[in-house]
Amino acid sequence: MQAGSCGPCFTLEIRVKYADTDKMQYVYYGRYYEYFEAARNEMLREIGFEYKQLEALGVMLPVVTSHADYSIPARYDDLLVIHTKVRALENVRITIGYEVTRKHESKVLATGFTIHAFINKQGRPVRPPNEFKDALAKAGIK
Amino acid sequence: MQAGSCGPCFTLEIRVKYADTDKMQYVYYGRYYEYFEAARNEMLREIGFEYKQLEALGVMLPVVTSHADYSIPARYDDLLVIHTKVRALENVRITIGYEVTRKHESKVLATGFTIHAFINKQGRPVRPPNEFKDALAKAGIK
Amino acid sequence: MQAGSCGPCFTLEIRVKYADTDKMQYVYYGRYYEYFEAARNEMLREIGFEYKQLEALGVMLPVVTSHADYSIPARYDDLLVIHTKVRALENVRITIGYEVTRKHESKVLATGFTIHAFINKQGRPVRPPNEFKDALAKAGIK
Amino acid sequence: MQAGSCGPCFTLEIRVKYADTDKMQYVYYGRYYEYFEAARNEMLREIGFEYKQLEALGVMLPVVTSHADYSIPARYDDLLVIHTKVRALENVRITIGYEVTRKHESKVLATGFTIHAFINKQGRPVRPPNEFKDALAKAGIK
């Protein structure tokens, strides 16, 4: 996954707030996971299948694994771009990848991924709804 | 409400994390409201009526007003004490006051209050359950 | 201050994330203060005097008072609009007011204000820089 | 690393706040990283070498990698125990592992690790100070 050249890749711009920084002057490492969440929500919206629609079908997508690698600090008031794509759609899981740059820059500040399980209201793993798979397929994601 | 000399007053110690600070080196102003929440939870627990018990009775306590005044910055790794007390128990509302000091110090860093409405599951205002009022009375709060 | 009809009023749209909500299904009361921060940053940017420029002049604007009143809960995925305006520019202080609505709706979910002190690097109160006052005046704020 | 039986392992208790939960009723996945931060701060304090002392020596420990696996949701008001240990002290890096249980329970809710780089004020990688290595050695960590 590369900023600027990623297949069906979605982007979200986020302005760094004071609330996101810590006394080291940089964005707090745990805050990136909020950026990732906002970015995958917008990706699903652009794909045409909002996360709320999944919930309406009784399916939730809790995170089972989260991971981030930080190489260059982001700072207050930076206008970040979160580049997001579906990395894998398996049996009962989906893996989403993220890459963070500053706007109009190609240097990657951080990368990460989250793995989500499709579960029903009883908490049991289920296959993703067909409507969801269809929306992904239409967006060029298999 | 004065630190060290407040009627039936409850205290919670909180260690300031990096996550709580911002690039100005101080605790972010919005974080105090999380400290306040933790402190009022512990107050209710000590009074003998946990917030969860209220919820089990179908009563919730959403915040309708929140307020804080900041005079001295709190910093990373400070061991704070949140002094908490019930300021008023009215018809369908409760007002809780907070005062923040460093441990073993009397200087007040910040003060604040939250006003909560008692509501039922339909979102309608209700009077506090008698069990709750009894617990408060036993703790010397009228 | 009224949504839709506020003098020199600035707006910022914010999409509610999972991270912003709590188990009561609504936006956590303390999160509004992050929305307020983002909104006042954007207001300053639109006025043509970014907060970073103030810092570059050695002036900081810590919050001395924060206040919010919550009337209607905001929920996950709501597209909120934060309406922001300068309410008062006094000696060494500035008061900023906020009003939260959903997009394309006029019902006000929450209102609030923050009071900030102009301080220098030694933490002493100072008058706002002339450049700052000029920028505000140009934007119709006295 | 196993709860209850981990070599020189340190523990921190954390009560889950409303602020930590999201509308799925569980602790938000990104919040675990704040718990991890609090836990490693306390570990360093117990080892006898606070993070602040490192900073006083001009050394900082930014996170270069963070990772968490979530198996059982934590809920509001749970009293969690974060079991923390140093997994590896390499050249210019330290890896810290975390395991989350409820108090008096052995079931593991989540595990994770963070990798930190020792850097100086110019942002260059440096070896950990001898005082730091000595403190770790005294605590039985090599």
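For reference, chains read A, B, C and D in written order, and residue numbers begin at 1 within each chain.
In the analysis below, contacts are C-beta pairs under 8 Å (C-beta built on N, C-alpha and C of every residue); 3 or more make two chains touch, one makes a residue touch a chain.
Quick caveat: nothing in here was measured; it's all calculated off a predicted structure.
Trainee: Taking each chain's centre as the mean of its C-alpha atoms, give the chain farthest from chain A.
Mentor: B
Trainee: Return the chain pair with more inter-chain C-beta contacts, choosing between A-B and A-D.
Mentor: Result: the pair with more contacts is A-D.
Trainee: Distance from the CA centroid of chain B to that of chain D, rounded to the nearest Å?
Mentor: The mean C-alpha positions of chain B and chain D differ by 28 Å.
Trainee: Distance between chain A and chain B based on Cα centroids, please, to the nearest Å.
Mentor: Distance between chain centres: 35 Å.
Trainee: With chain centres defined as C-alpha means, what is the inter-centre distance between chain A and chain D in Å?
Mentor: Distance between chain centres, rounded to whole Å: 25 Å.
Trainee: Multi-chain contacts in chain D: which residues touch at least two other chains?
Mentor: 18-19, 24, 30, 33-34, 37, 76
Trainee: Within the complex, which stretch of chain D touches chain B?
Mentor: Its residues touching chain B are 15, 17-19, 33-34, 37-38, 41-42, 50-52, 76-77.
Trainee: Show which residues of chain C lie in contact with chain B when the two form their complex.
Mentor: Against chain B, chain C makes touches at 24, 26, 29-31, 33-34, 37, 60, 62-71, 73, 114.
Trainee: Name, in rising order, each residue of chain A that touches chain B in their complex.
Mentor: 18-19, 21-25, 28, 30, 75-76
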